[in-house]
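What follows is chain A paired twice: with chain B in the first complex and chain C in the second.
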Partner chain A sequence: MSRAAGSLRAYIIQRLILTVPMVFILLTLVFYFLRAAPGDPVSAILGERNPELGDLLRQQLGLNEPLHVQYFDYLRRVFTGDMGNSIFTGRPVAEDIGRRLPATVELAIASMFVAAFVGVILGVVSATHRDRPADIISRLIAAVLYNTPIFWFGIMMQLIFAVRLGWFDVGGRLDARLSLPPSVTGLYTVDSLVAGDIRVFFDAVAHLVLPATTLGLVLSGFFARMVRANMLQTLQSDYVEAAEARGVRPFTVFYRHALKNAMVPVATTMGLTFAILFSGAILTESVFSWPGMGSYVADAIDARDYPALQGAVVYYAIIIVVISVLIDIVNAWLDPRIRY
Partner chain B sequence: MATAAISMVRRSSLARMFHLFWGQSRTVAGVLVWIGFAIVLAFIIMAIFAPWLAPYDPNRSIERFATPPSAAHPFGTTPLGQDVLSRVIWGARIPLAVVAIASVISLSLGAPLGLVSGFYGGYLDRFLVLIMDSIYAFPGLLLAVVVAAVIGQGVLNVSLVIALVYIPTYFRVIRNHVVAVKEELFVEASDALALPRTTVVGRYILPSVAQSIPVIFSVSAADAILTQAGLSFLGLGLPVDVPDWGLDVARAVERGFQTNWWSAVFPGLMIIILTTALAFISEGLNDILNPLLRRREAR
Partner chain C sequence: MWIVALVVVIVLVLAIVAYVATQPTGPPAPPTVLVVGTTEVEETLDPADAYNYFSVNMLQNTMATLLTYSESGDGTLAPNLLTEVPSDANGGITPNGLTYTLHLRQDAEFEDGTPINASVVKFSIDRSVKAMFDPAANQDRLAVPSFLLDPIEGANAYFTAFTGLIDDPANHTQAEVDAAWANYVASGVEVVDEWTVEIHMGRVWSPMVQLLAFTSMTPVNPNAFTQDAFKPAATDISASGPFRVAAFVPGERAELVRNPTWFGTPAQMEKVVIRFYQTGSALALALESGEIDVAYRNLDPQDFNRLAGDARFRAESGSSPVIRYLVFKANSAPFDDPDLRRALAYAVDRGPIVETVFLNSTAPLYSLVPEGMFGHKDVFLTQYPRNVATARTMIEAAGFSAANPLTFNLWYTPSRYGTTEADVAQLIKQAWEETGVVQVTLQNQEWGTYRQSFRQGLFNVFLLGWFPDYLDPDNYVFPFLHCGSGGTASFGSWYCNNPLDAQIELQARQTDPAQREQTLFGIQDTLAADVPYIPLWQTTQQIVYKPSVTGIVLDDSQLFRYYTLKIT
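Coming up: the complex of A and B.
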C-alpha cells in the first residue's frame, strides 16, 4: 500500500519535472513557426504600402533585432508574463486573456458534459448491437457529427433555435441588461448560484446551451468512436466471458465489466480530446460571439493583431502542457501499470 | 534460399491485404469503404468537370438577388446574385486541391522522418518524437491559424499550413509501425544475412509500412478538409470571391444568413458529405486492417 502510494508520488514528481522541457519546446516551436514563415506580421498588417510606418512598427515590435536576440527577449517576456499590448484593445495581452479564460472554461466544461453523455450512449448502442442496424445508424450519426464543420453547425443551430423558434438568445454570455454576478470562479452559471441570483443563472444557461451543444455534439462523435472501439475489445475479453459464464445479468456485465473498463482508454486519449475541443472552440466562440479565448484568436486574426495572436498561442501552449500533465497523473492513478 | 523465403513473406503480406480488402466487400466495413470511395470519386469528377457541370458562372451576378431555391436555381442565389448551385460545384476544387497537395507534402516529409526515426532509434528518435508529439498535442486549427496568419492567403500557402499540421500524424504511425516491424523475424533474418541496411528498409520494411498509408490518408484527409474550411471561414484561406465552401459560408454570415439561409446551408452540406465519405473509408479500412477488432471466429 505505502509502496504504491510512494510510486504514484514519484511518478507525479517525475511528470512535473518533464513539463519544463515540454513548455520550452512548444514555446520554441511557436516562435520559429512565426518567424521562419515567409513574410512578417508588419507586411501582413500594412501590405506593401507605407514603408516608413512599416520600419517604425518593425522597430517597435523588435523585429529588426537578430533572431537569437528576439528569441531570448521573447522567452524573457513569456516568463515574466509580459506578452505586450494588444494592438486592437490596447490592453496588456495577459490581462485580456485573464478576462476571457473563464468564458472558455465554462464553455469547455458544458461541452464535455454534452459530448460524454451523447458519445457514451451512441458508443454503447453501437458496441452492444455490433453490425446490426442500430450499430450502423449510431456509427453513421457519430461519423456525421464528428465530420460536421463546426462553424456551419453553429449557424444552423442559430437559424433553427434562435431565429426560427426564438428559444434562445445568441451573442455573448449574458443579456446586457442584467448585471454581472460577483466574480468567484468567473463561470457565470456558478457565480450566479453562489450569489443566489436565479434570473441571472437562467439567462447564463440560456446563452450557454447553443454553443455548448454545438461544440459538445461534434465532440460526441469522437467520443462515440472511442467508446465503441474500446467496448468491443472489453466485450471480447476473458473476464467478460467469465462473468457471462457465471450467470451475471447481461446489464451488469455490460455496465460493470465492459463499459467501466472501456472508459480507461478513453481517459488516456483525453489529451487529443482537448486538442479537438480547443480547435472547435475557436470556431464555436467566433460564430456565437462567445467572449472567450477562441474568439480572441478569431478577432486577433481579423484585426491582424499580431501581439494578441502570439500571446494567446503562448497561453494555449501552457494550458495544453498543464492539461496533459494532469491527464497523465489521473491515468497513473487509474492504471497502476503506467507508473512502473 | 533465405532471401526467397523473406520475399515470400513480404509478398504475402501485401497479397493478404488485398485479399482481405476484396473479401470484405459484403461486410459492413467493406460496404462502408466502397460507398466512401464512390462519393469521393463523384466529388473529384464534379471538381474536374465543374466548368461543364455548373449551370452558371459562379462569380457573375445573374441579376436575381437572394432568391430562395427554385426550379431555375435549385440552391437559390446569393445576395450578390450568384447561383449557389454553381458556386457549390466549383467550390469542390479548392478543398480537394488543398488536401491533395497537403497530403503529398505531409507524406513526403512525415513518412521518411518516421522511417529514419523508427529504424535508427536512439537520441535522434527521441528528439524527433518529442518535437512531433509537441506539434501533435497542439490544437490543429490553432496551429494552422497562427502560421496562416503569417504566411498569408492562397491555395499553396493553405496547403503548406495544413501539411504542417498533419506531418506528425504520418510520422507517428509510420515510426511506430517501423518499430514494431523491426522486431519481426524476417528483419532479424535479413540482419543475420548481413544484408545492407538500405535493402532491409527498402525491400522488407517499406512494403509492410506502406499498408498503413491509406488509413492515415483517409483519416487525415477528412480532418484536413475541415481545417481548410475553418481557415477559409476565419478569412485566412483565399482572396475574395473564389468559390470555396468555407468561404461561402462566411460570406453568407456576413450578408445575413437569417434571411437567406440557402447560401449558408448548401456549401456546408457539401463539406459534410465529403468528409463523412472519407470517414467511411477510414472506418472501414480500420476495421478490416485491425485484427483486434475482428470478431472472434470461435464464438
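Coming up: the complex of A and C.
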C-alpha cells in the first residue's frame, strides 16, 4: 500500500469519527434554535380554534416536558434510528424524507451536470482567451447568469419553453397522464429503465430539463468565475512556462496540465455546492412544483414541525460529511501532492 | 475518452429511436384521464383526523358520508349513506332534540365488500371520539376535528375525565377515564338494528344535522382502521365513495380511479389525477401549457381574470363560505374602547379591496355569518355605511387629533392567504388614514409566527380568515364570539360579553328555524354594536378549465366533485 493511500484512508477514518460530534453539535443547535423561535406546532395544528386542546396536545407531543427532558428523549430517538413522526403529516419523518429524497437527488445531479458543464466551458474559454472578445463575452454571460434571480429565470423558462413553445411541462416530475413507474429507487429516470418503460424514462428526463437548466445555469456563472480565476493563476505557474518552453503543445498545456490543477479548488466548491443541492433548492422547487427536500423543509419550518426539521438536519449532516469525504478523495486524485 | 463518447452517442441514438418507436400512432384516442391542478396540500385521509380543505375534499370523493350536499348547488343537505335527512318532520329528530335516528341504506359497502351497517357507523363515530384524547390512539398527534362531537351524550364527560387526568394526575385516575369512556360507549351511539343507529345528544345542538355531512362522522372500514392507530396509507383507506385512491405521492399527485363498489352514479371518468403545484402562477401556467385540464384552488386574481378572458378556457366563480375580517384585541388599550372600534368600522372601505385587489372576484361582507347562509344579516352595512367624517369625529372624541393621531400597527401575514394580503393591508391603512387622525404602520409576520403572536395578544389589530368545518351559522358565531369557551381568546380578540354567550348557546339549542333566526339576528346586532371584528369580504371559489371539460359544480358546500367531471 502506498503512503498516499494509507494517509488518505486514515484521514477518511478520522473524518468519519469526527462526524459524530459534528452531528451532535448540529442536532443540539437545531433543537434549541427551533424552540427559541416564536410559534410552536400546537398552534400550527389548532389554528384559531379550540384553545383548550392546546395543553393536551402539548402533553401528547411531549412539549410540556422540561427542555432537557425533551432534548435527551430526542437524542435517544435519533441514535436509535427513530426520527419520530412528522407533527404535520403524521407520517414517520424517515418515510417522508425517503419520499422526497429521490426528487432532490435527481434534480441535484441534473443541475450539477448543467452547472459543471457550462461553468467549466465558460471558465476555460475565458481563461484561454484572456482579454479577448471571447473572454469578455464569457465573463459577461457568467456575470449575468450568476446575478439572475432564480425565481424570475425559472418563470421565464416556463413561459418560453412550456407555455409558448410547448416543449416541456411547467412542473412536476412526470406527465400526470402517465402512470408512475414501479418504485425501486424512487428516481423516476432509473425506475422507468428498470421497468423497461422508455416513454416514462424520456418523460422523466424531459421534466428535469427546465428545473435543472434553470438551477444549473445560475450556478454555472459562479463556477465559470472560479474556473477562470484558478486557470489564470495556474497558467502563470513556473511549470506551465517550463512546459511551453519545452515546446509542449498549447492544447496539452491547457487541458492536461493547467486545467487539472486549476480544478482542485473548483472541485471542492462544486462538491460543497452539490451537497447543498442535496438539501433541496427551495426556490427552484417552488417554481417548478418539484416535490423535493427544499419544499419539505420550508413547509416544516412554516408549521414548526420539530421532528421533521430535526430529521432533515440529521440527513443534511450525513450528506455533508459523505460529500466532504468524497471531495477529499477527488482532490487527492486530481493533485497527487495532496497529503492528509 | 473517445470510446466513451462514442458509446454515449450510440446509447442516446438508440434511446431516441426506441422513444420514437413507442409513440402512439393513428388518430388520438379519447382521453381516459382527467388532470386537475391545485395548490392545496394533503395532510391525512383519516376521517377522524382530516381537518384541512384538501384532505376533507379527497375524503368526500372517496368515502361515502352519512349526508351530502345537493348537486343542485344550493347547499342543501341530501341523503347519502342515510336514506333521509333527519328532521323533526320525518321523526329523525325527537321533539326534545336529543335523539337523532339514522336509517342506513342497505346496499353500501367498502372496497373489500364489507357492508356499511349500523355497527360500522357506531365503530366509526366512537373511534372519532376516542381518538381525540387517547394517547394510545395516536402516538404523535391528536385528532383535531373530533371536538365537534362533544355534544354527543357521554363525550363531554369522557373529554373532561381525560383532561382532568392530564392536568391534575394527583386527583384523577385512569379508572375514571375508563369509566367515562364506557359510559360514552353505552350511551352515545346506539345500534338499534342492522340498518338503524340512534345518536343520543348530551345537549340540544341544532348544527348536529350539518355535522352528519362532515367527514369526521364518515363511516370507516373496521378492516382498514382500528381504534388504536391513525392514518393508514392513503391507498389503504378502503374506499366507499365514487373513487378509490390508486396512488398517492405527497406534494406530487393523487390518482383516483372509479370505485366499482360505489352505490351511487358511477364516476364519469375512469381516472382523475390531481397534480399539486406550489404556487398559483405555476398552476395558471400549467393550464396554459396543456399540462392540466382543470385549475381549481388557488389561482391569483390577475391570473384568473387573464385566463377568464382567454378563448381557450372557460372560467367560473361560485360562492364560498370562507370569510375574511379584521380582529381587534378588545381587552387592552387602545381598542378596549368600543367607540374607537366603531369609528374604524365607519372608515374601512371594502370597495377598493374587492375591486382593485381581487378584481371583483370576491364580495364585500357585512357580518360574520356569510351572505346566503341561514341567519345572515347585513348588520355592518346598515350600521356602518362608510363615513369618514363620523369616524374622525368619534376618534377626536376619544382624545386624538391630527397633531396627536391614534397610532397603531396593522398586522398581516404575507403568504397564508395568498399574495394579495399586503395590498389589502395597504388599502385598509389608506382608508383609515383618510380620517386625518389615524396613523397606521403595516407590519407582517410569516404564518408560523403570526398565529402564535396573535394568540399571545401581541397584535392590537390584524387580518385573519375563517375556513368553516360545518355549514351552519353556529360555526360563525360560537368560535368568534363565545367568551366562556375561550373562543375569542383563540382568535386574539379576548372580547367578552356574557349575555351574548347565553344567546349563542340559545341559538344552538333552538330547533325552530324562525326562533333561531331571530336569535342569530340579535347576536349579529350585538356584534355590530361592539365591533370586536370588522367583516371585510367573502371569497369565491374560482375554477378555470378546458372547454372539453364538463360536470363542474361549485356551491357553498365547497364539495368539489371529481366524480361529476368529464373530458371529451
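Remarks
Criterion: the second predicted complex is superposed on the first by the 281 of 340 C-alpha atoms of A that agree within 3 Å, B and C clash if a C-alpha of one lies under 4 Å from a C-alpha of the other, contacts with A are read in each partner's own complex, and residues count from 1 in each chain.
What we mean here is this: contacts are C-beta pairs under 8 Å (C-beta built on N, C-alpha and C of every residue); 3 or more make two chains touch, one makes a residue touch a chain.
These numbers come from a predicted model, not from an experiment.
Of the two partner chains, chain C is the only one that A:Asn85 touches; chain B does not reach it. In the superposition on chain A, A:Gly172 makes contact with chain C only, not with chain B. Touch criterion met: A:Ala317 reaches chain B, while chain C stays clear of it. By the touch criterion defined above, A:Gln233 reaches chain B but does not reach chain C.
When the two structures are aligned on the shared chain, A:Ala143 is found in touch with chain B, with no touch to chain C. Contacts of A:Leu283 after superposition on the shared chain: chain B is touched, whereas chain C is not.
After overlaying the two complexes on the shared chain, residue contacts for A:Val163 are found with chain B and with chain C alike. In the superposition on chain A, A:Ile301 makes contact with both chain B and chain C.
Of the two partner chains placed by superposition, A:Glu65 touches none, neither chain B nor chain C. Residue overlap on chain A between the chain B contacts of one complex and the chain C contacts of the other covers 37-40, 44, 155, 159, 163, 286-287, 301-302, 304.
Within the complex formed with chain B, the chain A residues making contact are 21-22, 25-26, 29-30, 33-34, 37-41, 44, 130-131, 135-136, 139, 143-144, 146-153, 155-156, 159, 163, 225, 229, 232-233, 236, 271, 274-280, 282-283, 286-287, 297-298, 301-302, 304, 306, 309-310, 313, 316-317, 320, 324. Touching chain C in their complex are the following residues of chain A: 37-40, 43-53, 55-57, 59-61, 84-91, 96, 99-100, 103, 155, 158-159, 162-163, 166, 169-173, 175-177, 179-180, 198-199, 201-202, 285-289, 291, 295-296, 299, 301-304, 307. Here chain C touches chain A in the complex through residues 15, 18-19, 22-23, 31, 33, 35, 41, 43-44, 49, 133, 135, 138-142, 144, 147, 162-163, 166-167, 230-231, 247, 249-253, 255, 273, 275-279, 281-282, 285-286, 288-292, 446-453, 455, 464, 466, 479, 485-487, 489-492, going by the rule given at the top. Partner chain A is touched in their complex by these residues of chain B: 27-28, 130-131, 134-135, 137-143, 145-147, 149-152, 164, 222, 226, 229-230, 233-236, 246, 249-250, 252-253, 257-258, 261, 264-265, 267-268, 271-272, 275-276, 278-280, 283, 292-293, 295-296.
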